[in-house]
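After this come two complexes, each holding subunit A, first together with subunit B and then together with subunit C.
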Partner chain A sequence: MLIFCPHCGMRPSEEFTPKGLAEAPRPALGGDDRPEDDAWQDYLHTRTNKAGQTNEYFHHSLGCRRWIVVHRNTLTHEVTGSTMASEFWQNQQQAQDWEAGQ
Partner chain B sequence: MSDRYGFWRLLREGLRGHTGWGPAWRDPEPKAEYDVIIIGGGGHGLATAYYLAKVHGITNVAVLEKGYLGGGNVGRNTTIVRSNYLHTGNELFYEKSLQLWEGLSGDLDYNVMFSPRSIINCFHTDGQRDAEARRGNQMILHGADAVLLDKEGVRREAPLIDVDNPRFPIYGGLMQKRAGTARHDAVAWGFARGADKRGVDLIQNCEVTGIDVEDGRVTGVQTSRGPIKAKKIGMAVAGNTSRVGALAGLRLPIESHVLQAFVSEGIKPMLHNVITFGAGHFYISQSDKGGLVFGASLDGYNTYAQRGNLPLIEHVMEAGVSFVPAMSKVRLLRSWGGVMDMSPDGSPIIDKTPIEGLYLNAGWCYGGFKATPGSGWCFSHLIADKPTHHIAQMRLDRFKTGRVIDELGAGAQHNLH
Partner chain C sequence: MSPVLKNPLGAKWTAGRHGKAEGGPGVLASHTAGLTIVEVAALPGQAQAMRAALKAAFGMDLGAGSPAEGAENAVCTGPGQYLLTGHDVATVKAAVGDLALAVDQSSGRVRLTISGPAIAALLAKTCPLDLATWPVGAAHASHFLHIACTYFRRGDAEFDLYVGRSFAQSVGKWLLDASAEFGLEIA
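Moving on, here comes the complex of A and B:
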């Protein structure tokens, strides 16, 4: 399996460490607005776990060491794109488009 | 005598040219309503139906299976049966399951070929030895059996293992003598036949396409063979838990991953135990047909594809040849992948759901096969409103409350277990 890294280009999957599905943004920390337990539960544990197009965290641990979100199909293993994890949640629209299967 | 399997029956059929064997179970049309519906005709679903009928006398039960009976992970595993767990939440349950295995062939009147040939978990460091000694003590405290072997003990049990491996020398191993292997298909078929004989309807080619929920409680299911009503529905669909749960609006703590397994060509007996290599997460046994059956870890990424990739296969072969160098002469016959229901802490979930009447049996990671009778036993008790202490900690909300059963101590991440 080849995975596209936005920084390094197409690389073999052995260079990457998968870290699970990117389905919920990390809840905000600090102040009086501490996130509810449910938000953490959602972020850490529960998953929609779709069969089909998904977004998944990978760490390019044997490459540029950046965190990326890879857009993959869990039925065919086809990789259709990826983005820097730091930019993924900032661009909710893009995430929603991907959810819609574009 | 009639339809029991045994010597006299075999003799009679042998003399009649084997013309008297009928189908082992019926192929009924679904009724409009049942007391209990079990979704999933694999090992766990069939075992649940069997114990519901046998132990609780609840026989108005349907098992709905989208394909054919035993066509999922119960037909795709490496058939290891053991109860060598550290934590009470797991060990109580798996020891109960192992005790059921020990009497299963007689109970089912079906030879499941349970072969208690022992399991040995090898260790390579002082730290690992301490951990295994602690685990062995925990097992004994919970009524199981365990023996701590030294290096010579491992060599005596399995002479073909390279205990002097320079990179990962084997210091010894934790042995459970009552552990072993079983014939995986026979387990599904035995439970199916036993459940059918007691009046359970086993309905194949019947995919559940919807779960009806009214005012927070289940009322029935929609299927490819029409709607079926029931006040109690049990889900035993490991591998597809998230997809079936979504039909009832549940979002569950499960990710689907692939675990690959391998079988070599058949060779003369060379390994009589189940043995694991602590350094490579590699495990191996030899089947009755002579093939070496082995595997290692998850590929690591999410998938429903029932197949893995080559890098992991390379890793498994490297670990295998390091552990049993003679394996390098053996040719690989086939490999396959099964979809694992990975929970965040690597332990299963048998619990009620927030929807009344909907029961969940999920998160088996890669330990589902050995759990088959125990899972059916405990799940049937839960559905019959008589929950047992074996599953007291296997709660759905344990990730939120923090009461996880993290056998590996790896933290709440699905693909690490």
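Moving on, here comes the complex of A and C:
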């Protein structure tokens, strides 16, 4: 499988370490400098395990060592693109539009 | 206490001809001992400013930061991240100021230069990338035998390999074996 890295270009999957679904941004800190329990629970553990277009974190560990978000279809294994993880949640609207378009 | 390893590429890595003895060597290899390597990494949002500072101080033109826009002494390893050779860490720190972090990697990395007519056939045995599509001057952070390695294309048939020093012995051993069929000349 080939995965596109925004910095390095098309690379073989053996260079990457998968982490899991990028489903929700990290919750903001509330009182006591900690996130709400429910939000934290969701962020850590709740996954939709969707069949179809997903966003997944991958670490380009044998390359530029950046975290990226890969847009992949879990039914066809087709990789349609990727975004630097540092930019992914900054551009949440774009992510939502992308989701809505699927 | 184990003896200090003087040659990071292992005891069998000696100057002269190895492997196939007939004809000219297919692969030429050299290791730069005592090379100063400094890794710089730009702080968030400062990559372009760091490149401008490096250009002002050392004259290296790194373009907009694509891995294809490196220089022989400034090899791109990631976004806003470079391996600089030939400058000591204090000079680099002075040049980049608060725009980037600079760490001395002279003891951490080993630079190997390999060249020769059989170089594509040799790298095809382990490098997962398509060398034919690389422009001269391009850097690729990838792997060599599943060891993290940064490649830099110096010329059509000449490459620099930067690997971690503690992995260099494995790389040296593999190069001796893998290039035996082409004939290896170590400088």
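Note that the second predicted complex is superposed on the first by the 95 of 102 C-alpha atoms of A that agree within 3 Å, B and C clash if a C-alpha of one lies under 4 Å from a C-alpha of the other, contacts with A are read in each partner's own complex, and residues count from 1 in each chain.
By definition in this document, a contact is a pair of C-beta atoms (placed from the backbone, for glycine too) under 8 Å apart; a residue touches a chain by one contact, two chains touch by 3 or more.
Because the structure is predicted, anything quoted here is derived from the model rather than measured.
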First, second, both or neither for A:A51, with subunit B first and subunit C second: first
Touching partner for A:E14 - first (subunit B), second (subunit C), both, neither: both
First, second, both or neither for A:A28, with subunit B first and subunit C second: neither
Which superposed partner A:R65 touches (first subunit B, second subunit C, both, neither): second
Doubly contacted residues of subunit A, that is, touched by subunit B and again by subunit C: 12, 14
Parts of subunit A lying in touch with subunit B, wherever the complex brings them together: 1, 12-14, 17-21, 37-38, 41-42, 44-51, 54, 56, 58, 72, 74-77
Interface residues, subunit A side, partner subunit C - complex: 7-8, 11-12, 14-15, 61-66, 84, 86
Residue ranges of subunit B touching subunit A (in the complex, touch as defined): 240, 242-243, 246, 251-256, 300-305, 309, 311, 344, 399-400, 412-415
Touch list for subunit C against partner subunit A, complex: 44, 67, 77-79, 81, 128-129, 140-143, 146, 148
